[in-house]
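Okay, so chain A shows up in both of these, paired with chain B first and chain C after.
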Partner chain A sequence: MQFFIQLAAGGLMVGAIYALVGMGYSLIYRASGLLTFAQGEYFMLGAFGIYTFFVLFDLPYPIAVIAVLLTMVGVGFASEKLLIGPLLRRGAGPIHIVIATIGLSIFLLNTAMMIWGSQGFHVPSTLGDMPVRIADVYLVPQNMAIVVIMFALMIALHIFMNKSRLGTTLRAAAQDKMAAAALGINVSLAVGLTWGIAVGLAGAAGLLIAPIYGVSAHMGLLVGLKGFAAAVIGGYGSIYGAVVGGLLVGLVETFTSGYIDSTMKDVIVFAFLLAVLFFKPTGLLANDMLED
Partner chain B sequence: MDTKNRTRLFMVALIAALCAFPMVVTNSYILLIATLIGIYIIVNSGLDIVYGYSGQITLGQAGFYAIGAYTSALLSMHTGLPVILCMICGGLLASFLGMLIAIPSVKLVHHFLAMVTIGFGEIVRLLALNGGELTGAADGIPFIPKLSLFGFTFDTTGRYFYVVLGAVIIMLILKQNLVRSRIGRAFRSVRDNADAAAAFGLNVRRLKVTAFTVEGFYGGLGGALYAHLVGFISPETFTLQQSVLFLTMVLLGGSGNLWGPIIGSVLISIMFEVLQPLGQAQMAIYGAIIMGVMLFMPHGIWGAVSTQAARVGRRAPMTEAEALDTKGRS
Partner chain C sequence: MKRHLTLIAAAAMTLAQPALAQDKDVTFGFFGPLTGPSAQAGQSLRNGALIAIDQINAEGGLLGDTVELIEYDDRSSPEQAVRSATKLIQVDDVDAIVGSLHSGNILAAGPEIERGEVPLVGAGTSPTWLQQGYTYLFRALGNSELSVRQLAAYAKQSDLNNVAILHSNDEYGNSGASLFENFAKENELTITTKESFTHGDRDFTGQISIIARSAPDVVFVWALGDDLGPVTKQFRQLGYFGPIVGPEGYTLPEALEIAGPTADGVVFAAQYLIPETPEAAGDPMMANFLSAYNEKYGEMPASDNAFRGYDAVQVLAEGIRRAGTTDGAAVRDAINSINDLQGIAGTFDYSAGTGEGISTMRIYAIKDGAYSELK
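Up next is the complex of A and B:
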């Protein structure tokens, strides 16, 4: 039982990371009906961001966190303005966007390796690295913080998107660009901002995981794919779907490594993704991913 | 001389030049690159049938490539079958798996199809990586036997070059025959407008499955040719990056025609060799090139060239007065 709870706690932590990355996919999909393959690399940049601002520049933790988040939102905004927007204006199809973002991810990965090198780096946790014992189960404070922060971000995003004026304009721009523009909404700015928030979420996931897994240039690829799996399993385009899917993927992964074989965990996760796409492609919420 | 004869003459000259290539160039490294380019042309031509002609995205090409390579390597090492048969088995198994994966996934559109094919490729790679003694896990399979035909062993790269050249010619002829047939026209109609194709009574799903099945064979055969060329395979050859590389070659060259995948395979392979001394920057430049191609040349080099040619061939635009004037003079 203790082992079970331990695994569940680990699964929720990993799942929260996938959920954050997955929320980004869903936001971008809602805003522009597109898929970016660079989410994993944005996640990696978030981790390198906290390493740079907190460890190298020695800034106080809260300031470093704000700096990383602002940088990542800027990176997302710039990606939309410099790559995705121009592609769409030139009449590129979805496949061109997919390939271009793969190009972007290769570019970001190798640029990161040129800047920081290919080895791993350690980022200390501000909550301490020692596990806390709660009723026979040892929990690392950072792990618990990740799950709590993920839910807090989800609620904040919900309030922002549904209650605030800016969030409402973002949703309007996502729903019907022409009608939104006719009502005086700056659609171009809104789409850019949505990309900024989505990339910011991936960056937040990276900065949160840094004290646990360390920071290295190759950390993004699998997380990017699994974040996508999270978004699809929950129901692509839905924020809550991404959270449910993320936690599910995290749990499947840790239980596979705990009870079956840790080398099989990625195979099982991808098989799970394929099974969902084949048998229940709409995930938990209906949307228009199907052709017919 | 009409265009058809000119094209035929050009083909014969090109093949003759390629036949002379290993006699002129003796540097075995250059020969290795040239042979690899041939293998890439086969794989990418198969990919072009799915992407260029049928309009379906696929990023699982490395999976087919791996299945062909592992099947052929294992069969040739553990059974007494001639290597050429093992290669064909590799192609057929990849083709069969291509069909199996396509049946449930052709209902999905772009990104989701992309993700299914990525998932497929990753599962194949992870299974090879965790395959224990059979696949040699991360260490891979060394000492893969060389191909011999009728008592003649193709043991040097220069000799193997001819095998690959022959395979390229056969596979390209098959591709041209396929895309010019009724099925090829059906593929294009699915690409251009799936709804209209269905309305005309075409079985869109079955056509897509057919395209993936054909692609699987091209990918698997390419992988098998690769395994017996290098003599060593390991999971790190068959990553998602390899699939991306294949698709990039098709996109750079231009999809949906004979020459695009060939141009793309040649140019990207040469670019990699030229940029080699730059180390890490090589891959960053490669990423930037992908973005640049998508932005400025979405139809690839062949697409850009043929658009230009069409523009040159067209009559210069005239105003109504000019047109009337010319008529009056003649």
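Up next is the complex of A and C:
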């Protein structure tokens, strides 16, 4: 039983990370009907962000966190304004955007290596590295905090999108650009901001996981892929689906590693993705996905 | 007049010949990871080699010629390593090669090196690439079989009889793990469980939970340096606080930094350590090398691969000197005749003809972020 709980705790933590990254994928799809493949690298940049602000610049942790989040939202906004938007205006179709984001991810990876180097970096945890022991189960405070923060961000996003004026603006622009523009909504700002939030979520995942995984330029590759799988499993375009999908992926991964074979971990996760696509292609949660 | 011209031309050509021969440099080739996750180690390897080459050139070069280094980035990829080796041999026509530090890459380039008959001194520690029958490959330090054997003996001596294994499932990790299983048998140690992970992965909850549940006295870890920090930390975070024995990757600064206090209780085997300052080095040869390195690069080497690169060039240079030529077969035979060449790793003795030159490893312990040698 202790073994099961230990694995479940680990699975939820890693799942929360996939959920945050996956939420970004779904948000972008919701907002613009586009697929992106750069979320993994934004996750990596978030981790480097906290390393830079908290370790290199030695800012107090809360200020460093705010700085990272603002920077990542800005980076997302800039990505939309400088790359995605112009491509769309030139008549690019979704597949071109996919290729562009793949190129962007390669660019970001190598830029990170050039700026910080290709070795690993350490970010100390403000909650300490050592676990608390609860009846033979070892739980690390930072890991538990990640799960809680992920749910908090999900709820915050829900409230923002549904209850706030700005959030409703974003939803309107996502639903029908022309109608929204006709109502006086600044569609350009809305789309840019949505990308900003999506990238901000990936960046948040990165800054949360940095004390646990360490920071390195290649850390985003597999996480980006699994976050994508999480979004698809949950229902591509659904924020809550991404959460469900992320937690499922994390649990499947960790239970496979503990009960079956650690070498089969990734194989089984992606086989699970294929199985979901086969039996329920729209994903586990019902959602109103945008039609292309 | 025409007859005189022909005579003058003939005389000029014969006089020119020795001059041309003097302009031909002795060229050493290099391939190793200059970019990517192992870039620090690869650059240290190359820099160490360059220090040795500078010293050789300052003392008059090899066989009267200046030594130059042609370097390629193998990007930690076996495919790229083969391409680099092929280019060095077939296009650049090098006389000797230093590299790589990835054993998998040396193994991949092996056939090309052997076919090209160019002696290579490599910095990777996996025994595999010297067990294939290649005659042109040599090693610049002790191999991991030595490390593993000494670690297994250490476990036995310390009465740690139940061992769990965690290794990365690449060539390096797999070979270390299977070596340990053999030596565990010799030392009558029990393997409680054997788990593996993918190099670069950062979540080991499943593997470590299984290991902790198997209640070992000691855990044997074998993976590259960039994995060791997170692995060590997660052992303590998932409730295993016992001793850990592992590879020389623990000498990598990032491993110690990421693991922090969780590295207390780690014992590892390594050929050498990088001291705080050149003066702190016990061995005068290492001290001189580090001073020269500091002077040229403005900092201490980030990885002990710098020592490996330096020793590799010294071995190749000695081989060329003894052979009196850069002919591959002659140099190879000359290296096999070396039995007491002083290097930073120790005394090189290649007379067994296996390509292995060093036969002892050192054991170190980590406590409070500092290393101490266990005798």
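Definition applied: the second predicted complex is superposed on the first by the 284 of 292 C-alpha atoms of A that agree within 3 Å, B and C clash if a C-alpha of one lies under 4 Å from a C-alpha of the other, contacts with A are read in each partner's own complex, and residues count from 1 in each chain.
Assume contacts are C-beta pairs under 8 Å (C-beta built on N, C-alpha and C of every residue); 3 or more make two chains touch, one makes a residue touch a chain.
Nothing here was measured: the structure is a model prediction, and the numbers come from that model.
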item: Combined model on chain A: chain C and chain B, fit or clash; value: fit
item: First (chain B), second (chain C), both or neither touched by A:262; value: second
item: Partner chain in contact with A:218 - chain B first, chain C second, else both or neither; value: second
item: First (chain B), second (chain C), both or neither touched by A:128; value: neither
item: Contacts of A:99 with chain B and chain C, given as first, second, both or neither; value: first
item: Which superposed partner A:74 touches (first chain B, second chain C, both, neither); value: neither
item: First, second, both or neither for A:113, with chain B first and chain C second; value: both
item: Partner chain(s) touched by A:60 [first = chain B, second = chain C, both, neither]; value: neither
item: Distance of closest approach, chain C and chain B, by C-alpha atoms in Å; value: 5
item: Chain C-contacting residues of chain A that also contact chain B; value: 113, 263, 266
item: Complex contacts: residues of chain A adjacent to chain C; value: 3, 6-7, 9-11, 14, 113, 117-122, 124, 129-131, 133, 136, 138, 140, 212-214, 216-219, 222, 253-258, 262-263, 265-266
item: Chain A contact footprint on chain C (complex, rising order); value: 35-37, 39-40, 169, 195-198, 200-203, 205-207, 209-210, 213, 226, 229-230, 233, 236-239, 254, 257-258, 260-262, 302
item: Residue numbers on chain B that touch chain A, as the complex places them; value: 51, 57, 104-105, 107-112, 114-116, 118-120, 122-123, 126-127, 129-130, 194, 240-241, 244, 247-248, 251, 280-281, 283-284, 286-291, 293-295, 298
item: Chain B partner contacts - residues on chain A that touch it in the complex; value: 34-35, 83, 86-87, 90-92, 94-100, 102-111, 113-114, 221, 225, 228-229, 232, 236, 263-264, 266-267, 270-271, 273-274, 277-278, 281, 289-292
